[in-house]
Structure formats: C-alpha cells, structure tokens
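Multiple structures follow.
Below are two complexes that have chain A in common, paired first with chain B and then with chain C.
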Partner chain A sequence: MSMSNRSRKKLLDFLQFLVILLAAIIILVPIYWIVSGAFKQQVDIFQLKLLFTPTLDNFKIIFKSPYNLFDKLVNSTLVALSTVMITIPLATLAAYSFSRFRMKAEKVMFVTILATQFVPAVVIVLPFFILFRDIGILDTRLALVLVNLSLIMPFAIWMIKGFIDGIPLDTEEAALVDGSGRIQVVLNVVIPMALPGVITAGIFCFILAWNEFLFALIITTNKAVTLPVGLSLFHAEEGVLWHLISAAGIMIMLPMFVLATLIQKHFVQGMTMGAVR
Partner chain B sequence: MRDRYLKYLFVMPAVLVVFTAAIWPLIQSFYMSFREWKLSRSRFSRPLWEYEYDGWENISYLFENYLRAFEDDAMWNAVRVTSTFTVASVVFTIGLALALALLLAPGGRFRFTVRTLLILPFAMSPALIGVSWRFMFQPDFGLFKAFFDVLIPPLADADWLGDPTLALIAVTGSDVWHWTPYLTLVFIGGLANVPRDAQEAAMIDGAPAWMVFRDVTLPSMLPVLAVGVILKTIFSLKMFDQVFMLTNGGPGNATQTLAHFIYFQGFKYYDMGYASAVSYLLVIPMFGLTWLYMRLVFLKK
Partner chain C sequence: MNDISLSIHDQEFLVLLGPSGCGKTTTMRMVAGLEEPSMGDIFIGSKKVNDELPKDRDVAMVFQNYGLYPHMSVYENIRYPLKVRKVPKSEHEHLVRKTAVKVELGNLLNRRPRELSGGQRQRVALARAIVRAPTVFLMDEPLSNLDAKLRVNMRAELKHLQHELRITTIYVTHDQIEAMTLADRVAVMDNGIISQLDTPERIYNDPDNLFVAGFIGSPSMNLLEGSMEDGKFLHSGFSVKAGFGSNQDVTLGIRPEDLELTSAENTDCSGRVYSFELTGESTLVTVQLADDRLTIRGPNEYRVAIDETVGIRFNPEKCYLFDSESKQRIRS
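Right, the complex of A and B next:
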C-alpha cells in the first residue's frame, strides 16, 4: 500500500471538510445575495462584482411612498403578535389539561387538534374568504389574525404540553394539599415554572405567523398587506426592482434569524411535534 | 370548582378555536364542492342538483364539480406537476439531509458552527425564498448564469424560468434548499439515539464504514427517517408559496401545483364550487398521510 492508514484518514477528513464547507456556502449564497443586493445601487444590481459602493438609499426608498413598507411592517408585527397573544393563553390552559388529566375523548381531541396543521391552507381560506366578504372584514388585520389561529394553535398546544410534561408533579401536589384551588395552582405554580417553555412556544408561533403568505395574499389587498405579500409591490415599468426587494427581504428575514437562533433547539422539535428529540 | 369539570373548561376555548378555524372550513369546503358558485356572477351559491327539477335519475349532477375535475386536463397537469415535484423534493431533501447529518454528527468546533447555520433557511419566509431565487435565476444578470459560465458552460445560456423542465428544477431546488438544512438537524437528533456501543463494536470487529452504516446506523434511524419522509411529503403536496413567487405556475402551467391550481380556480376565476371540489382531491391523500404520521408519532409513546 502506497498510502499509510494515517494519511488516508487525513485525506478523508479533508474531503469531509470540503463537502461541509460547500454545504455551508450553498446555504449562505442566497442569503448573501439578498443582503448584498439590499446595499447595492440600482446600477450595481446588474453586476456580480464583490466590491461595490454600499448605499443605504434602498432602505430609505422602501419606507417612502408608493411602497410605504412601514405600514406592512406594522401589519406583520401586529398580526403575528395578536395571533400569539390569543393563542398562547388558550394553548397553555389546554396543554395543562392534556398533560395532567384523563378526559373523555382525550385522544380524539388531541389528535384532531394536531392533525389540523396538515390541512392545506388553500382549503381553509376558501370558506373564510366568503365569510369575511359577507361580514365585510376582508383586508383587515382582524381577519388575518382569525385565519392564522388555525395555523398556530396546534403547534402551540403541542409545544407547551411538552414543557408542562417535563415539570415534576411534586410542587403542584404540595400546593394542592396546602389547600390551594386548582386555578391558583395553575396561575402561581405551573405557569411560572412553564414560563420559559411558554415563551419559546410564543416565539416559534410568532415566526410561523410572520412568514405566513397564502392567507395574507388572499385576505388582504391594500390596508392589511403584510411584509411577505408586500414583496410583490416592487415592480416598475423597467422591470423588477431587485435592490428594493432585497432591502425589504432583509426586513423580513433578519428579525426571524435572531428569533430562531434564540430558540434553536426547540425550533426543530416544534415542527416535528416531538417525533424527534 | 372540581377538577372533573375544570379540565374540560381548560380545553374548551382551544378546541373551540381549532373547530372554527380549521374544522368548520373543512366541512364548509366539502359542502361547497357540491354546489355551483361563480363568485363573479352571484353572491350566493346554487345547488348542482335539486330533486324537484332533476329527479333522482339525475343525481349525478350533484357530483358535477368532481366529474369536471376528472375531465380537466389542467387539473391532471397539476396532479402530474405536484407528484413529480413531491417525489423529487422528498428524494433529494431526505438523501442530502441524511448525508449532511452523517457528516456533521461527529461534532467539533467547525461542524458546530456549520450546524448553527442550518437553522437559517427554515426561518426564512418561503415567499421571500421564492423571490430571491427568481432574482438569482434572472437570465441577463443572475447569479446562476455567472456560476454556470465558469463551471458548466453549456448551461450558461439556459433560460431557467422559461423552460418547462428547468423551471420545475428551479422550484424543486429552492424547496430542497429550504428544507434540507432543517431535516439535517432532525436527523442529527436521530443519530444521537443510535446505540454507540453497537457502532463501536462493529468498527472494532473491522467492519467497513458502509457496512456499519447499513447494518447498525440505518436500521435504528428508520423511525426518524420515516417521520422525515412523511412530513416532507405532506408539505411538498401543499407547495404554494415558492411556486407563486418564483414561476407563478409557468411557463404555461409547467410548474402549476395543485395548491396553485386551486388558488387560481378560487381567486382568479372565482369558481368556489370547483375550487372546493379540487381541494378535496388534495385533502383526501393528506388525511391518509396525516393518519400514518400520527400513528408513527404516537406509536413511540
């Protein structure tokens, strides 16, 4: 053998290193493409050169008329925040019950709730579109929050139940023996202990609601348009305004990168519903 | 209040929300799929079949939306596109994610740094991914053109979004980019549960790495792989956001998925009855997959 085992292993390690590096580059390229586009002037957008004179103008333009991205930013934030604020308390109560009690039809209820996350959004939005049109709340943030609940609730209940399952029963039982009612126990004992988990679930749900596209595309047309739908605004007679789209893209993705990194471990569990630890 | 009642009171609000926000629309769509409703012409829907006018022998009128779907070439095209896309995206995503998970599992600082990057694509709005990929595919100044100019010159002048096959590859590529890092993280989690001693024993016995993988690692990864495959299949079947932003179903209808087809019937042609019927053709396989998924998830408990 011309090559010793040691150097063969070294070569193999190096090849692995190269493949991983390539994967990392592939992950980063589209993100880099958006980030660099956001700081390019419109003339430079058509050039691939790595060195260009960066500009902040794009960020100024997108917040001005006719794009008014600030309105979309407010819509996105309010819709995602309201969805989370409604979902989390209800989900926490339900998750507590699912975690601690046996109930009639418990399994049916639980599985049905979890299964609804797999219903295609386009099916859910058809009847809601007609309902909202009939009661005149199309193109409002309220309407968007209502449909988003269908998307968020199953994830929230699942995640919070997982966290409550992990809280030992002792403290709860001690408080119950001391004569506290169940509601006091939930408020004073369970919720404080589950709080980190509840916040994690809240962040996860916020990301889902923030990135939601199909509901917003159909329900909103003008007043209640969210950031992802707002991406379609940047067309001009000379074509698509990629530098502005990129600047808006940063507004959409950067906050979510921060939030997702905060809850990194649970982010993975959230989608698979704990099927994978 | 006694726990006996309280526990139901706790669940009730959430159940009510899920019922109105998800179950009610499912029932309503089902009902609408048996009615005629061109929203552009009328504010109200009309039954497809009424006993008084049509009599029992014409009860098949009731299924007109469904019958129309089965004769609609565009619907079958969407079924074909969705199937092709689903198979391709599942195969590539699962395969690449498994390979990447195996490469990244050992740990160490470099691998750990790369692992933190894996969270990024999945935190991105799929609509934004679609837009940014369209940006990269621009024929006159796109990134892909520059890339292929250097590496594979024959592909440099390819009109990625103008050619039916290439456009579907582009959509699949953006989806694989979106999901592979996420499933890699899932599989790394699964690899952590592979029994170490069995792996090491096989290594000490002198078994080659690929045999250790085939006989030890893969079998204990199977449950996690199954979860990954079903989850990815469900989400591939629903594919909409990137299609809408990247190709909008084009060129022609070469990349029109079922979700996109339903969207067009419902919100471009305002044919609610037909859109509902086709959406049920999408919901039915989804029920099967969801049932399978739930069995897998709860079997472990």
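Right, the complex of A and C next:
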C-alpha cells in the first residue's frame, strides 16, 4: 500500500517536473533564440545548431550609421529616467494624501486616476499626436516624457499607496507629537519606511517607460526615437535583419535583467519589513 | 464623546479608566492634537490649544504599539524629538545617554527596534517621551502589549519615573489595577462621559453609581436587585439589614470581601455553592441565591464542596445602595 503511494508520489513529482520544464522551455526558447542570434553571422541565423563561432560584429554594426543605436539608447535612457524622476516624488505625495487624508470625493478621484489605466493606448494616441503637433513638440524627448507620465503616474500612485497603507499610523502620530510637521513626517518617517516599496515602484515605472512602444512610434520620427522603435529600423531591402534585431534586443533586455534582479531584492524586503509592534 | 469637563492639576497623575470604546483614548488624542473636538476648548496651562498642531502643544506621548521608528536605531529614536525641535546638537548626545540610563537602555543604543523585546521597545518609547521635558505626558495603554510579569515591573517603574520627573501625566488604561496603583486621581469613563472622577481610594470605597461600582474591583462587586423597607433590603430569597432607606426599588452592592461565609443556620441568607476557586492568597466561593449568584472572598484555608449549602453574612457597614432607576448611589 505504502509502496504504491510512494510510487504514485514519484510519478506526480515527475509529471510536475515535466510541466515546469515545458513552461520554462516556452518562456526561455525565444530568449535563447535572441541571445544566440545576436552573436551569429547573418547566414547562420536560421540554423538551429548549438555550436557556432560567436561574433561581436552585430553589436558593432548597430552602433554605426545608418542605425546609430547609441542615439536611441540615449533617448530611451533619458526619457525613462526623467519619467521616473518626476513620477516617483509626485506619486509618493499623491499616494500619501490618498492614504492618510480624508477628502471630499476622494473615492471618485482615486477611481478616476485608476480608470485612466483602462483606456486603451491606441485610443488616446491620436489626440496626443495632434496636441504635440500643435504646440510643436512632436519628435522630442519632452513629448515622450509627458506621454509616459500620463501612462505611468496612475500606476505609481496606486502601487505606492499600497505600501504607505501598510505603515502603522502610530509611527506617524508619534512623529507628529514628537515635534515634526507634516512634511517632516513624510520625509523622516513615511518615505524611509516605504522606501522598499517606492524603489520597487520606481523600477516598475522605469521598465514601463523603457518598453513603451506605441506612443514612441507615433510621436517620434527621427530625433527622439527610442530603442523599441529603433528595432523597426532593421527592415532592409534584403529582408528582416534578424541578427541585428537580436543584438539590439539584447541592448533593450540587458537593463531589464539588471532591474529584475534589483526588484527581487527590494520586493522581498518590502514584503518582510513590516511594522515593529 | 459627550460633554466632558475635566481639569487636571499640575504634576498630577490622572488615569482615564474605562471599558474599550468608552472614549478614553479619544479624549487623550484630543489633548495631543491628533483628533479635533467638534466643540469645546482644550487648555494646557493657560494656553488654549484647540488650533495648535500636535508639535506646538509641548506634549509627549507613549503609544500602545509604541510607534517606534523601525528604520532608526534606539539612539536615533530617542534623539528624534530633540532633532525636530531644534535642540542644539551639542546637547543631543548627553540628553539621549542620560535618558537611556534612566530607563536602563544604556547598552542597547545601537540596536534597531526589531531587535528588541517588547519590554525594551516599551522603554524606548518611554525614553523618547521623556528625553525633553514636556508640559504634559500622555500614555495610551502603554503596558497592554507586555506580558503579565513585565507589566507589574514596568508599572512600578512608571510610578517611580513620574514621581521623579514631576510631569503632569494623563494615562489611559482599561486595567483597573494599573489605574488604582498609578493614579493620583482616576476618571472612570463610560460611553463618552466621565462616570466618576476621584482618588483611587474613593473610587473603590465610595462609588458614585452602579457603573463605577460594577467596573472597579476584581472579582467585581455583587449587585442584587430588590427593595428597601425600614432599613432592610428585601430580596426574593431573603432580607438583610442594610442601614437605611424607605420604600423604593434599589440595587444593593457588596464586595466579595465584605461577605462572610458562615454555617447555614442563624445567618443573613444561605444557598448552594455553585463554584469554588482557589486563587492562592484567598478563595472565591460563588453561591446560588434564587436567581442571583453571590461571589464571596473567603480565607485561603477555607474549603467547601460544590452543591454544599453555606450561610452568608453581610457586613451592613459595607453595603452600597443604588437607585435601580437612575443607577445613582443612594447616600444616607
């Protein structure tokens, strides 16, 4: 009896392993394809052989004319960083207000902010285009930052509010009675305590801004083109240049991998920090 | 909160005592400025503080959950009030260390709050409150998160500290032992009003109304419904001489220690033992009397079996009479 139970458990474990393996393959194969493609010659790109002579030529090509990927890298970095640097302080203050102050129509305001997230981007891209054309900031980083703010701020407010809600009120009230004003409470107590959450939100916002494609595609044409849009440059008369797309793809993914690692650390810290009772 | 009027003397230790939800914490939070009264004025000294922010009221508060800053060391926690109140930096170290020694935290200054035990956290909260000399000290159930033994120790330390510092203190608790041991005066609160404001002795020995009588004392005072006739209290099961009174419905209150266990004959009343408990220092005997139960504190060597019939003698000097209607004490 116990033997058959044990062997059944073994079988279940094995099936579980198979399912996980399958899922991992589905997720990892495209990434493997991109990574290996980035180091292949164009002629090898569709060959599924595991052994090939790696080359860094692709990376050299994408940073040269006519692709000039470095410019796009700079654009992407500046746009994403500016977005995060504006979003996080403002979103933190807004989140704090939503978390701690009871205001008139507070629920309506909060739901409205969240509701902007449910509007499909493709619906509002045209008004943005016309607006930016009229005020003459089409194809500028400023326009991209503005668009990204409108997309990311609601998300950041919602996320940071969750972390601030978790800070015990006692601690803040203690700071008030100890002699702090409201701004000091936020700076000295709330932000340090919510820091893992704020950092997590910052990283998420950076990723969203970094990967933003649709708006960048429509709003930029030349000067302010970002990396994801830059990928579409690699269509040529000889067809799609997969080896270059792969190399550029790696340039897009690399910061994401670094940030994902950071997120993991802060996310866990954010979860376990908790309150001191 | 309902029409509270309370004045606290300088250097007094006032305890707000009452069951949860009676408004004692709200009262204290209004003094601290964390809650706004819908009407009425709050004065600290001669200064009206209604429109003052908490930081401008010169109060210090110890919270039930301590409200420590988890991202700061013990040293930083204690120093925080000095820092935000712009006390000259040169004095910080000296003040923090002096205070830490006073609450026996001297060697834990570099720890984070999460590395401390409950009692130690409690001391940090206390140190943070006394590091500067506030006008008023507010404590919101500061001992309720500690285990029983520690609570007794900290109680004594609080009492000592207040005696030493001579700072006006408002202390909120639902624990009557804390109230009795710490307070100069106790305000017993019930449903947003102050039921009685008096010294602990008088709160215990001379309750103004049924609520205070029933709330103070452990086990609580026995309360029997009946009526008075010619100085005698008439109960459905018996009658007993209770001092004074005419024809009216009353509630008779008597504490377990003012009842005496006797043999079943020639006594005030008798009944069957419902339960018998040994507390260590004394015994508690609960006796069924018609529809009521009486708890009697007996000597510690007293033994009785459940369902045995015992007699009970009332101490007529210690019977309290309350008007059943108004719940107020009837005084002779």
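Definition applied: the second predicted complex is superposed on the first by the 257 of 277 C-alpha atoms of A that agree within 3 Å, B and C clash if a C-alpha of one lies under 4 Å from a C-alpha of the other, contacts with A are read in each partner's own complex, and residues count from 1 in each chain.
In the analysis below, contacts are C-beta pairs under 8 Å (C-beta built on N, C-alpha and C of every residue); 3 or more make two chains touch, one makes a residue touch a chain.
Just so it is clear, the structure is predicted and the values come from calculations on it, not from any experiment.
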Fit-or-clash call for chain B and chain C when the two complexes are aligned on chain A: fit
Which superposed partner A:D178 touches (first chain B, second chain C, both, neither): second
Which of chain B and chain C A:V123 touches, first, second, both or neither: first
Contacts of A:V108 with chain B and chain C, given as first, second, both or neither: neither
Superposition-derived angle with apex at the Cα centre of chain A and sides reaching chain B and chain C, degrees in steps of 10: 100
Which superposed partner A:L217 touches (first chain B, second chain C, both, neither): first
Larger contact residue set on chain A - chain B or chain C: B
Partner chain(s) touched by A:L187 [first = chain B, second = chain C, both, neither]: neither
Partner chain in contact with A:D170 - chain B first, chain C second, else both or neither: second
Partner chain in contact with A:M85 - chain B first, chain C second, else both or neither: neither
Minimum distance between Cα atoms of chain B and chain C in the superposition (Å): 8
Chain C-contacting residues of chain A that also contact chain B: 181, 273, 275-277
Residue ranges of chain B in contact with chain A within the complex: 1, 3, 6-8, 10-11, 13-15, 17-18, 21-26, 28-29, 32, 39, 100, 103-104, 110-111, 114, 116-129, 131-136, 138, 140-141, 143, 146, 177, 181-182, 185-186, 189-190, 193, 224, 227-228, 231, 234, 237-238, 240-241, 244-245, 259, 262-263, 266-267, 272, 275-276, 279-280, 282-283, 286, 289-290, 293-294, 296-298, 300
Chain C residues within the chain A interface of the complex: 32-34, 53-55, 59-61, 63-71, 80-81, 84-85, 113-114, 121, 125, 128, 138, 145
Contacting residues of chain A [partner chain C, same complex]: 168, 170-181, 184, 188-189, 192-193, 195, 273, 275-277
Complex contacts: residues of chain A adjacent to chain B: 16-17, 19-20, 23-24, 26-31, 33-34, 37, 45-48, 86-87, 90-91, 93-94, 96-98, 100-101, 103, 109, 111-116, 118-130, 146-147, 149-150, 153-154, 157, 181-183, 207, 210-211, 213-214, 217-218, 227-229, 231-232, 240, 242, 245-246, 249, 252-253, 256-257, 259-261, 264, 267-268, 271-277
